[in-house]
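Labels run A, B, C, D and E following the written order; every chain starts at residue 1.
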Amino acid sequence: MDVTTILILLLVGAIATYFSGDKLASKVALFFSVATLGVSLYLLNEFSKGETINYLGEWMEYPKVYLALQADGLSMLMVLLTTALTPIIIFSSLGNTYSNAKSFYALVLFMSFAMTGTFLAVDGLLYYIFWELALIPIYFIALIWGNGDADKRKKAVVKFFIYTLAGSLFMLVAFAYLYQKTNNFLLGDFFNLRLSATEQFWIFAAFFLAYAIKIPLIPFHTWQAKVYQKAPTVGTMLLSGIMLKMGLYSVIRWQIQIAPQAAKTLMPYLIGLSIAGVIYGSIIALRQKDLKKLLAYSSLAHVGLIAAGCYTLTLDGLNGAVYQMIAHGFVIVGLFFVAEIIHRRYETREISAMGGIRSQSPKFTSLFMILVLASVALPGTYNFVGEFTVLYSLSQVNIWFAVFGGTTIILGAYYMLKMFQNVMLGETNTKVFASITTNEIITLVIIIAFLLFFGLYPKPITDLVNPAIKDILIHINR
Amino acid sequence: MSAILIIFYVLAAITLSTAFLTIYSKNPIHSAIYLVICFFSIAGHYLLFNAQFLAIVHIIVYSGAIMILFLFTIMLMNLNKEDEVHKPRITRLGAIVVFCVLSAVLITIFINSKTIVGDYDTTGEDFQSIKKLGKILLNEYMVPFEFASVLLLVAMIGTVLLSKKEKTNK
Amino acid sequence: MQTLIAISALGVFCLLAEIFNLRKALVPVTIVGLLAILGITLNLWSIDSSIDEQYKSMIVFDKFSAGFSSLFIILTIFLIALSHDVYKDHQTKISDFITIKVFLLAGAVAMVSFSNLSMFFIGIEILSIALYILAASKRLDLKSNEAGMKYFLMGSFASGIILFGICLIYGATGYFDVAEIYALSQGAGLPIWFPIGITLMIIGMLFKIAAVPFHFWAPDVYEGSPAITTALMSTLAKVVAMATLYKLLSGLTVGLTYNFEIIIVIVSIASMTVGNIMALRQKNVKRMLAFSGISHAGFMLMALLSLTNAASTLLYYTSAYALAGMASFAVIIYVTKNKDNEDIINFNGLGKTNPLLAAVLTASLLSMAGIPIFSGFFAKFMLFTQTIKAEYLVVVIAGVINSIISVGYYFKLILAMYTKEATEEKQATPFVYYAVGVISIVLNIIIGLYPSLVTNLIN
Amino acid sequence: MENSLVLLLLLTPFVGFLFNVFFGKKISRNVSGTIGTIAVVVSFAMSIFFFMQLNQTGKVIQVKLFDWITVSNFKLDFGILLDQLSLLWLLFVTGIGSLIHLYSISYMHDDENLHKFFAYLNLFIFFMITLVIGSNLLVMFIGWEGVGLCSYLLIGFWHKNQDYNDAAKKAFIMNRIGDLGFLIGIFIIASLFTTLDFVELKEIVLGGTNSGNALLSVATLCLFIGATGKSAQLPLYTWLPDAMAGPTPVSALIHAATMVTAGIFMITRMNFLFDLTPYIQEIIAVVGALTALVAASIGLLQNDIKKVLAYSTVSQLGLMFLALGLGAYNVAVFHVITHAFFKACLFLGSGSVIHALHGEQDMRKMGGLRKVMPITFATMLISTLAISGIFPFAGFWSKDEILLVAFQNHHIAFAKVLWVVASIASIMTAFYMFRLMYLTFFREFRGTEEQKHHLHESPSLITFPLIVLAALATIGGAINLPGSNWLNHFLEPILVTKYEHHALGTQEYMLMAVALAGAIIGIGWAYSKYIKQAFVPKEDSAITGFSKTIYNKYYVDEFYTFLIVKPLNGLSNFFRTTLEPALGKVVYGFGTVANGLSNQGRKLQTGSIGLYLFAFVIGVCAIIIYLFLAQNIA
Amino acid sequence: MNNILDIVGIENYIFLSVLLFCIGVFGVLYRRNAIIVFMSIEIMLNAVNLLFVAFSTYHQDAEGQVFVFFSMAVAAAEVAVGLAILVSIFRNLGSIDIANLKNLKG
């Protein structure tokens, strides 16, 4: 068994979901996503035993494209993130009913398929194909099942699509350029290229555009908040939980490895930009009136920090970035689910229309509180491990980076607590807040359990990622 | 200056001026007649080249067939009135400018190019008799020759198609 | 040669069919006939000794021509399959239409397999005249007349220029035979007539593929023509012209001069940009696709920058483009069948009323936009790679920017299908639209997944 | 065995927390409270056990539980260190904690969320223990943030009141500012020494010569910033008075006795580093002294009984920092302990009063409670005497030592000034504490008739802790009486700079007398004003002039709002309403430009064949000219 | 018979043809009457035909003249189709002014 099983399973799942009909769709999708999680856990086991689970097959002769799927610790972790979050996301959506559910869940699984592929591919074009493929389902999910005014939604979603596509097309040019030097797209062969500084710069820039838009870094983030707001929550979760990580993962896997010299030269500016994003996102989140938008900007701040970690090019920075990716993936999914839970009951995302929920639903409040605390990286949650490692690595580069990056500790607490206060606390709300269902509790508890467990005992993840990152660093410092 | 040269110049003058008058005259019928003259003068050129067959064919096809078609159409549309509206002045001016530029450019290029000096080949062999043309046409050029029939067939079907009245119910 | 003869014979058969009142059987028989011809063509290609000595001086049926001919035949099959439903109210004319299309195919095949400029010239004239007729074929519709007239006037003007070009080439070399001209062009000492002749011919072909600044006819003609003719023009005719242009350039000259490449670069960038930008604000789908076609012409022109080895890429690109175009036109013809215009509004709610056709149209538009797994993506990618190799990065950048712009208008249509409410009830859909749409998009995806199916045909 | 006992010490409160979270609602209120209390008592018992053990064997206990975070050049264990310092803290944390839990059973009896209250309290104890016994800076940081969290939860315990929530949020965020400093300090230390473990760190620092390192100063400064946040020093002290929004036991436990002393604990822990950076020590001393003065002066005019105590806490903490800054860590620790006793007692006493008055906290509406609440009065009086520094109560000894150290310091040039400042602060303390006492317990009752009717002494569950604490406040000074100096000896292994033992000379006695005199002056001042002149503080609106400035806490909160919060919100609004759409427009701009071009371009497509042909011919001309003429000319 | 080009020179024929061709182009641009535009195009084709014959003589090669036949066939076919379209327009529009054909634009 190798990693293709995951992909095939997801693809088959998508097709099966489509043909299972609207009523069964969610269950079939859930079944397949759980099965995929099982398979990927099994593969993790194989992987940790040292078995090879990579796959290398021929695909195209011209252009020379291999079906090269390789799982090192990093990829494996990202795949697990995807396959773990997908069932959670699907499970969380069981409380909603969607028109044309079969297409909806098929698209969700298909997106999961594409994202998994992105994390596994080590052939440039294959990777690019997966990368783009992931965009199409989310486009439709946001477009068709999104909320809010249709015209505005369209505008936001189309902007998102074109914008991200625009970025990635430049990446394609970079790949084309590399291709005509190596005559294939294998990552390994790209390493062996002796690219001049100028070449590296331009290739780095092309990749950067793609990733900066996807991650997003300021000032390329303008698509984010609106799409998060307009997309259905499942879409938002997929976007924020996994898809953003595609960009960050790619930075580590492709950008800094192919053009390390450029990365080193540009490092201060990149970190500076990322940290500016942290501060900008945090500040703008302070006064958001829409819950999902606020979470979107908090996401912007967090990914900024992760990106800063990636661009430090140090072991700690990369490790921390990966930890933080995982942590952020879980916590943001949880938070968006919280927004959804409230929306199910209050039919609103306006923060001002909420408040006073705590006295009605203490359980929900506690779970939400823990997520908020995880989001502000309270020690004991996995987010802290990530944030600490990243900030530490930043401090090793330049202490000021850590100081400014560290403002997220303060500002993050500020806007998250403010949000929590306005959403949950205060005089009991006149609107009845129906008590939280078991499904909802299960979803949140799984997420929280994950975050707390690895917050105290991050060693398994560390052991998985560390060797992979060390390999990557060897390439960077070649 | 030999007679032939004089004939050439005369013919050339006729060709160019009638061509110009074709365009310039306001009455379409006049245009058509100028065009016929133009075609005849071109036939004269062919004769100068000693391409008699071509000259005959030219006269038959152009002056005989095509021009008749034109005239017929003009008559059909009753266009002999001088209701011709000229294009706006700017357009006409533009046309003149473009004409001048284009001819100037092309002629400049040809003048600047390597002039052909020396004798022209005269092999003395027959290369343009009817016999020779026929042989070439039906041997080497058999395929295009046949293919040209497809062309004419298409044109024929097309003309029919465009003019045929449809039966509205089948 | 056999292909050409067979196609012509099929055309004659179609003519005769009407006489013998075989109208009902006409379309199926023609399709079967074309399939057989496709078989012959592929067979010829596989044995590779297909160079028919007897007609060598006129027709060379090599891999290039076999590859493109096969593509043309496939496209014609689709078009003729669609004809059945489109012309069902014009039973008296159906055989004429089909005959013209078959002959048009003959012209097209001649254009990619000529070895003598006379064949090229007659081929292009058959193609053009057939198109003039088809464009104007709705004789009572002023728009169609206008389209035919515009196309005819400009087309014959372009023919004059091509003819002038041929004449100058002949004057410079004394031959119409491509091989001889190629041999002579390698040596020095040709008069300046030769490059001018080549240039004029290329300009004529640029007109046919609707490259800027010779593109103005395209949107008007596409819009005015009957939808099925537009489909023909935007898929078959454009592909034929492009293949011919490539064949002319690679067949007649050793390599382009630097200055000429600059011209190609400028025309290519201009075509992409103008086509895409103009397409943004179009309401009429046919017109939009016309501009999209202009931009694709710009993309295809990139292939001329690496003249020696771009044949397979060009075939791939044209196949991808034409198949996507065919799929989209199958849907467009269906949607606008009983409408008096082709505005985007007509597509509202198609995603709900007819999900399959909506999916087909979406896929074809995505392919044209260059989204992966659809062959349009690989096509663009191959072109980019080759152009980068030829060191014209600037064209690639322009191409990328234009790809981005193009998404803007392709998605306008997709948005209309999926987010707007339908204006009318679902109508019965003849099977043929599904067949054509689905088959062509599936072919598109298949060659997307296995590009070597196409690229190996020539290389 | 030892490990499991350590775990028992650490985890019992956590188990109590879990129990109350999951089952608290289902069991009766008393059971819930009792379990919460027992959980802490168990920890207290364990602390005593370990304390005894340490006293007997002198062996420091180190336990490594598991690997935690791994960073490139070092590993962080989740480890536990039980040495003199941590045990000392454990003792009074769990000890006072137990008492306050006990107190809370009664105090919070009527609250619907009683089980939650105990859950939070237990959680707090858990985190506090973590903070104290962590073997490295990062584990300490867990506790550090954890107690902050509990503080947040408990301040906002009555969550329906948004003002309380604001106060809770403010406390958390202010703490976070300090936490960032702390974290940065940790980073610097980690990069300097590649370890965060206290024991290793100490060895490395003592082994090497790092005294000149500028980065080290930055590190200690950052740590100190962390401490100012948690221990409410200038400029981050404003959260503490607001934190009084929480239930009174919380104020007593968290915001007086334990959590706020974490900063002192941390600095004492890291004393070997601070000793190397004298400049930072000076800063600490100055900040401490200033805090003591400023807070005391604000305390002079407050009318809310808990606010007075809060400012008093800030002020006392300032004194402790002064001691820290002067290098007298043991003195600071001494004061921490005595302060824990009497301040907890004072808070609990005020809680008893508030309880009796059904939530009334304004001293202007109290008075004459002496008779109805004798136990409360007596215990509070003892504590007030202690805090005022009256011989022989605990506060006298500890405060006197601080003043002594300040007076005798030779390292800092302006130590005498600090002594003066601290003395003034002490006088003020005596004044406002007795002002509190007079206003609350003496003269006649000023509240409503209904309140008067219900006045009663608190139940024994409330008075018992008061009595115990009052007793401790009385005799607490014994642990470090001049002469025996038990505490100093006990802490010797922890501190690098050895405390100089000198015999009590004339100077020392003089200073004691001065301090005592100061306290008595303060008391007398209060007596004359509030008993003799029977002065009752004016209504808020009637306060004018400088008094108003003081009453409004020097407008520091407003100043911060103006300086930080407002600009931040303004910036946020600016970003949200202006910059963000503008950025969006830039992206849309491309679309707009393209669409605009498209609209213009469409005008070119006029439909006129003539124009099209023109374009055609011009194109031909251009290409031919470019290819065949331009080249020739060039 | 002597080669006529010895006397006249190929350049003169080129110039003549070019001028004639350009007059054709000029006509296309200058007139709005579709029929005259057709005629202009015919002039262009004839200019090329003339040049073909000249080159044919120049090379002493019959192929040029053969090509002229094809060219004539094409011209005839074009005129037939063109006039058919023209008639059809005339029927619908009542005019053959190409400036009136502006329904398709934008």
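Criterion: a residue touches a chain if its C-beta (ideal position, glycine included) is under 8 Å from a C-beta of that chain, and two chains touch if they have at least 3 such contacts.
Computed from a prediction, not measured in an experiment: that's the story for all the values here.
Between the contact lists of chain D and chain E, the overlap consists of B, C.
Minimum number of contact steps separating chain A from chain E: 2.
Distance from the centre of chain A peaks at B, each centre being the average of the chain's Cα atoms.
Seen from the C-alpha centroid of chain E, the farthest chain centroid is that of D. Chain A has its Cα centroid nearest to the centroid of all protein Cα atoms in the structure. Across the structure, the highest number of inter-chain C-beta contacts is found for B-E.
The mean-CA centres of chain A and chain B are about 71 angstrom from one another, to the nearest whole unit. With each centre defined as the average position of its C-alpha atoms, the distance from chain B to chain E rounds to 5 Å. For the pair chain A and chain C, the distance between mean C-alpha positions equals 43 Å.
With centres set at the average Cα position, the gap from chain C to chain D is 77 Å. For chain E, the set of residues touching two or more other chains reads 10, 14, 24-25, 28-29, 32, 54, 58-59, 61, 63, 66, 70, 74, 77-78, 81, 84-86, 88, 98-99, 101, 103-106.
With touch defined as above, residues shared between interfaces to two or more other chains in chain C number as follows: 118, 122, 125, 129, 132-133, 136, 139, 149-150, 153, 157, 192, 196, 219-220, 408. The residues of chain A that reach two or more other chains are 162, listed in rising order.
Interchain contacts (touch definition given at top) occur between A-C, A-D, B-C, B-D, B-E, C-D, C-E, D-E.
For chain D in complex with chain B, the residues that touch the partner chain are 610, 614, 617-618, 620-621, 624-625, 628-629, 632.
Put simply, chain D touches chain E in their complex at residues 602, 605-610, 613-614, 617. Partner chain A is touched in their complex by these residues of chain C: 312, 351, 366, 370-373, 377-378, 381-382, 384-385, 388-389, 393, 396-397, 400, 403-404, 407-408, 411, 415, 418-419, 450-452, 455-456, 459. The part of chain E that touches chain D in the complex is made up of residues 25, 28-29, 32, 98-99, 101-106. Against chain C, the residues of chain E that register as touching in their complex are 10, 14, 21, 24-25, 28, 34, 37, 41, 44-45, 47-48, 51-52, 54-55, 58-59, 61, 63-64, 66-67, 70-71, 74, 77-78, 81-82, 84-86, 88-89, 92-93, 98, 101, 103-106.
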